[in-house]
Amino acid sequence: MIKVLFFGPVAERIGHHALQVEHRPGIRLQDVRDELAAQYPQAFEIVCFAAANGEHVRDMSLPLADNSEVAFMAKFSGG
Amino acid sequence: MIKVLFFGPVAERIGHHALQVEHRPGIRLQDVRDELAAQYPQAFEIVCFAAANGEHVRDMSLPLADNSEVAFMAKFSGG
Amino acid sequence: MKEAVRIQQEDFSQDEEIRALQASSKRIGGIATFLGCARDFSEGREVSEISFDAYGSMALSELEKLRNDAIEKYGLLDARIVHRIGTVKGGENIVFIAAGAEHRVAALEACRWMIDELKQRVPIWKKEITPQGEAWVTPHP
Amino acid sequence: MKEAVRIQQEDFSQDEEIRALQASSKRIGGIATFLGCARDFSEGREVSEISFDAYGSMALSELEKLRNDAIEKYGLLDARIVHRIGTVKGGENIVFIAAGAEHRVAALEACRWMIDELKQRVPIWKKEITPQGEAWVTPHP
């Protein structure tokens, strides 16, 4: 399983703070994003950043191991 | 009388925090400076700024009224 | 002594943070700080409170990286960052950043760099609660 | 409430100064501060204490002008400046500047401008007292 986290405005649009996506060999961050964006287009409109296992990820072709934790995040507004 | 004030390193070199200079009609800040600089050349080596009645003065030709308070000051080092 | 980088619900004392910073080195000649507060008015709307959501573990590790980067980049003697989460009322404190260096320029520049970077890097989101309703804040570019 | 601009022998509390600043307006979104401290080491010499001389009346009026100029130039909501005189030991506080504005950039820029200008404009002199003797500080250009 891949655990997908949402926060703030994205969580509000999705209606959940976390979802699970089935892991399959070769799955990449972009695949997870595409799958969820199709289900939650309104939430993904405001997604700007992705993280895997607590680290910023810029290259969406990153392969994901089983039990990875990923997050799709809106622009930050802390401070 | 014109009251002349000294502070910090200038006061230390002069040996006083204040001196008096006789007022005479037409006396200018430059006259007071020249007179004292002749008496205390070591102190005036480090004088960078002058003030009259608590205000910075850049134009040394400023005429001084009787009972003026002037100061000849080294570079500031507060803060 | 409290940790130099924290995310917490409760308010903080600037005197306490500054004392902790000063205790780290007697060579500190300048400490620059930035305190972000909840305004009671934003973009023409009254704001009664601000509520924060954060990706807690990532936010903390990003803040720790940010502190280390600032210490290295500006040659700081020490730095501290505290960010509140949960609910903060108008006029209350949100974030505190302090940078201590031998000379003032490094402290002032590092403080400014840290608050600018924090806003870019750290996964925290704020929602403004007004008498007319709630809205997540969209940062300006 | 203490005056917004002061020259005093005794130490000050940053929390108290910040509270006074925050009390002036609930529109303050950012407060930048600078704290100058006595280092126990300067230009390779150990410093046990620093002693200050000031042209008191002129220094105070220059600090008041400086505060007013900063408020006008940067559109601040409030600002405070406290400078100690007399004798300050290594590690102790010397000067505190705080600038409060609606947004952080104005607060940060005003704070930096005020400490830079203070050093140029305000008639205060410091003498470093070391185990080897005393020396008036010559500021670098």
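Should a chain be cited, it is by its letter among A, B, C and D, assigned in written order, with residues numbered from 1 in that chain.
The rule is simple: contacts are C-beta pairs under 8 Å (C-beta built on N, C-alpha and C of every residue); 3 or more make two chains touch, one makes a residue touch a chain.
Quick caveat: nothing in here was measured; it's all calculated off a predicted structure.
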item: Steps in the shortest chain-to-chain touch route ending at chain C and beginning at chain B; value: 2
item: Chain B-chain D separation of Cα centroids, rounded to whole Å; value: 26
item: Distance from the mean Cα position of chain D to that of chain C, given in whole angstrom; value: 22
item: Whole-Å gap between the CA centroids of chain A and chain D; value: 48
item: Sites on chain C at which at least two other chains make contact; value: 36, 115
item: Interchain contacts, given as pairs of chains that touch; value: A-C, B-D, C-D
item: Residues on chain B engaged by chain D in the complex (per definition of touch); value: 5, 7-9, 11-12, 49, 51, 54-56, 71, 73-79
item: Of chain D, residues touching chain B in the complex; value: 36, 52-55, 57-59, 61, 83, 94-95, 115, 118-127, 136-139
item: Footprint of chain D on chain C - complex, ascending; value: 13-15, 18, 22, 26-42, 90-91, 102, 104, 107-108, 111-112, 115
